[in-house]
Amino acid sequence: MKTKFIDENIKYIGSQLVPHWIYKNFEIQGDAIVAFVGECKVDLSEMVDIEDVINNEPIYSKLMLSFISEQFNVGLTEAVLRQRLLITIIKELLEERGIFVIRNGDDLMIDGRKLSVSIATKSITSILIHTGLNIISEGAPVKASGLQSELGITDVKEFALEVMKRYSDELEDIVLAGTKVRGVYE
Amino acid sequence: MKTKFIDENIKYIGSQLVPHWIYKNFEIQGDAIVAFVGECKVDLSEMVDIEDVINNEPIYSKLMLSFISEQFNVGLTEAVLRQRLLITIIKELLEERGIFVIRNGDDLMIDGRKLSVSIATKSITSILIHTGLNIISEGAPVKASGLQSELGITDVKEFALEVMKRYSDELEDIVLAGTKVRGVYE
Amino acid sequence: MKTKFIDENIKYIGSQLVPHWIYKNFEIQGDAIVAFVGECKVDLSEMVDIEDVINNEPIYSKLMLSFISEQFNVGLTEAVLRQRLLITIIKELLEERGIFVIRNGDDLMIDGRKLSVSIATKSITSILIHTGLNIISEGAPVKASGLQSELGITDVKEFALEVMKRYSDELEDIVLAGTKVRGVYE
Amino acid sequence: MKTKFIDENIKYIGSQLVPHWIYKNFEIQGDAIVAFVGECKVDLSEMVDIEDVINNEPIYSKLMLSFISEQFNVGLTEAVLRQRLLITIIKELLEERGIFVIRNGDDLMIDGRKLSVSIATKSITSILIHTGLNIISEGAPVKASGLQSELGITDVKEFALEVMKRYSDELEDIVLAGTKVRGVYE
Amino acid sequence: MKTKFIDENIKYIGSQLVPHWIYKNFEIQGDAIVAFVGECKVDLSEMVDIEDVINNEPIYSKLMLSFISEQFNVGLTEAVLRQRLLITIIKELLEERGIFVIRNGDDLMIDGRKLSVSIATKSITSILIHTGLNIISEGAPVKASGLQSELGITDVKEFALEVMKRYSDELEDIVLAGTKVRGVYE
Amino acid sequence: MKTKFIDENIKYIGSQLVPHWIYKNFEIQGDAIVAFVGECKVDLSEMVDIEDVINNEPIYSKLMLSFISEQFNVGLTEAVLRQRLLITIIKELLEERGIFVIRNGDDLMIDGRKLSVSIATKSITSILIHTGLNIISEGAPVKASGLQSELGITDVKEFALEVMKRYSDELEDIVLAGTKVRGVYE
């Protein structure tokens, strides 16, 4: 899996969670995860989480660190498992910086405040994951925590690079783990 | 997914990691996770982790809390992802009891000591996961930590029940998460 | 699989056979089957059965009992097998009421008259099945039979609830049946 | 799917439900269903239905019409659906001969008597189905019905040929049915 | 797999590479490959090869022999393997006519001139392959070879029929090849 | 995919075509292809090709260049397609050395003499391919060609390394090819 931090500021409006957005914009082909920083404003019409649409809960963050990953030859349930792994790795990297985080499914909570949004879905040829971490919590529609505003993380790019490296490494390790076990019989 | 704590002491020797062991012994059919306590001694001839066989590393624990899960209609890579989720949930429950744990793939480490062993594999009709946590670390072949000997957890059964409940709940939630997202288009 | 009879009259025009129609309208998430009663009028532009489009055979029923099912993590051939099971269960419930029915693939025929229409298809994230049974045969484009007009079934809701319960039960039983057999070897 | 009625008498003891039994013995390669007549005696050690092993219920029939089908590139749940289709087709052919049959999952019952046994399982490369119909009910371990002894069917070979033809035709039709529907969108 | 040479001249503009184009236009249902002759002009907006779009490389051929194949129940990587097989078979048939061809992935090169274009993609219910061979090389955007202009092949229809027959035969043989091998064990 | 030429002489007797033979013997984990030289003598009892067993055709070669590949997360039909690709690449490399080769499915023929044997099969966790090329044709059970005895290829190791590199590269390219195409719609 290729990884890339995109230095330009990108406003995430949901329309980026489509097949080949990474390939078309950054010429990174195949399984990939990229990260960027920018405002996040996903209107109901762009949301892929129908539960949020039903509950009329658009997403907003004044400044967010967004991860987008596209992966191929993966089913829908496995896509969600791969999303949970990304969330877990983010939690673990925050812990290494001394921040205590509660994971609740695909949500990360700190002191009862929501740090993250995340969704995993499918296209005809791939699965797509978006995970966003507030950098600044001010203006969020729910009680929120921000990497910088509450947690004091200012090296957002370094943090993002660590997340992507560990995610990429662990997915490679997971695929390999299946290749070193003998099948079992009754 | 059905869950059950088995009250009788069971020595885990590896031969239990076979299809329908849960069904045949406890009449629990379908996706299931069970837990039990007992000595753990897996000789090389019974190991499914070929890496351990190559490295000549048999498994031993004087007293271990073992989880065995059998799940159906799951591929090999997804099996490893489901194993990692189980490890993550164990870590998170230890954290809720104030114990700081490092996860390294499918290993749990506490103060540089190994708490766990784990493997995921396939049979013709299912995938199988074994995860064991030392209760007593004494006698382990590597520097080990034990739930009771180092971490002071004496309500092992309650801990196991919490692990299984949360694992079962999250897997159900993960399958459901895939059913509430609209597919995306280019 | 969740089941629900929708009491309001719904005109089926084909546009309901789309992913998450059940979830968005009735907040039933995941594998589900619902039933409702109403006029059925599917124009060629809305039909998913291309054979009918080629043959210029739009669907019409003055009053129809419609079943819509959405199921996840199922392939296309398996979707058709699950459709045939639904048809078979409807046939068997009619037989229990003393009505002799001929099944011809996904068609139910009574005395040479067509009782049913049915189709199974895929979306990016799910499979979808529609099966409709005429309640009143008058006005149908082919020689038709109706649950009420020809067969004297007036408790349409009770009949629909029985169909859905048995379908849901048998699908659960089918998944379980795969978990109790040992794999075989040469 | 190729079909063949084997004229020689074959005692079914369970060991025939293995991959390539059809190919090795009758040189029919690929998806196939064959039928033969003979005593049926499956000891517990040969049974693939673990539920029957747990319940200590070996299978016996003095004279049975057995169908064995091997099919490739099919998953476990789909295998059970394909088994249910075979059962349904047998039921429907009996009905055409004026015999009223109750299907209960993979069991066929006539006047409260059991006509059939059936199982579906997997090998590494295929799925395998056995369905047996008593020809003579005498000596069965449960209250049984027999094609000849109770139902008066003496042209067992013709009946078997009809079953196999219709099963083969409908499976082909089912695969084709998936090729004539447009995918649907939200 | 059904095969058909379409005698009418068809201009290929990319919009034909969609599900059920073969079925709707020629009433050939299920796995199929068809061939036709005509100008080929695929604008960037119709291309499915995003690499070509990024590189701004529309496709043009004054006269092309086009093959379109739609196949069901096949994954994305397998689709590309099936495309490569088609390319290989074309190469081998040219060799039988004494023409030396270099295959480079899905490209066929003759004396450093490009003979072919090809792409494989997915729809919700199928995979689709287009392979085009220049008949006349004049006017191509790159240094090209043509079946007629450079290679002297004038019986284009016969050539196309041979390609389709061999492709259909070998795919059938490939599926069968998987049904005659015993699974292997550790 | 990892590649390795094994310098020691290895007699191929069929028992090497099992899961993890590469991993256990050469510590190469995951998708891999290895090559070695040695006598080839596969008795009927070790053969995975049941057709050869039925036809009583054991395999023998006085000196053979054998390729063994193990690949994970691949189905049975795709395994055969990947075998055909390997055969095609061998043919193409021979052509580059000026040798005209006829491919007939998974057989390579030169002047009516058989150069190769090949089989693809499955284990519980992987697919396995063996392809062998005679180096010396003398003593073969059929009219055979040998890389050295008939074709004058003496740098067998270099040839093998080229085959493995090109196979590994093309499989990587094939997986990537599926990641650069947009899905298509009706």
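Which chain is which? They are A, B, C, D, E and F, in the order written, and residues in each are numbered from 1.
Methods note: a contact is a pair of C-beta atoms (placed from the backbone, for glycine too) under 8 Å apart; a residue touches a chain by one contact, two chains touch by 3 or more.
The model shown is predicted, which means the values in this text are computed figures rather than measured ones.
A.B. asks: Spell out the chains that contact chain A while also contacting chain C.
C.D. replies: For chain A paired with chain C, the chains in contact with each are B, E, in label order.
A.B. asks: Tell me which of A-E, D-E or C-D has the interface of A-C again, with more than half the contact pairs shared?
C.D. replies: A-E
A.B. asks: Farthest chain from chain E, going by mean C-alpha coordinates, please.
C.D. replies: B
A.B. asks: Over half shared numbers or under half: where do the identical copies chain D and chain F land at their interface, same or different?
C.D. replies: Because under half of the interface numbers appear in both copies, chain F and chain D meet with different residues.
A.B. asks: Measuring centre to centre, with centres taken as mean CA positions, what chain is farthest from chain F?
C.D. replies: Looking at centroid distances, C is the chain farthest away.
A.B. asks: Between chain A and chain B, what's the gap in Å when you average each chain's C-alpha atoms?
C.D. replies: 26
A.B. asks: Give, as an integer number of Å, the spacing between the C-alpha centres of chain F and chain B.
C.D. replies: 39
A.B. asks: Multi-chain contacts only, two chains or more: what residues does chain E have there?
C.D. replies: In chain E, the residues touching two or more other chains are 19-20, 23, 29, 50-51, 72-73, 75-77, 121-125, 175, 178, 180-186.
A.B. asks: Taking all chains into account, which pairs touch?
C.D. replies: Chain-chain contacts present: A-B, A-C, A-E, A-F, B-C, B-D, B-F, C-D, C-E, D-E, D-F, E-F.
A.B. asks: Touching residues of chain C toward chain D in the complex: what are they?
C.D. replies: Touching chain D: residues 17-20, 48-51, 75-82, 84-85, 88, 92, 95, 100, 103, 105-106, 119-124, 128, 170, 173-175, 177-178, 180-186 of chain C.
A.B. asks: In the complex, go through chain D and note every residue touching chain F.
C.D. replies: Those in contact with chain F are residues 20, 23-24, 27, 29, 72-73, 124-125, 182-183, 185.
A.B. asks: Could you list, by residue number, the parts of chain F that touch chain A in their complex?
C.D. replies: Going through chain F, the ones touching chain A are 19-20, 23, 29-31, 72-73, 123-126, 175-176, 178-184.
A.B. asks: Flag every residue of chain B that touches chain F in the complex, lowest number first.
C.D. replies: Against chain F, chain B makes touches at 50-51, 53-54, 75-77, 121-124, 185-186.
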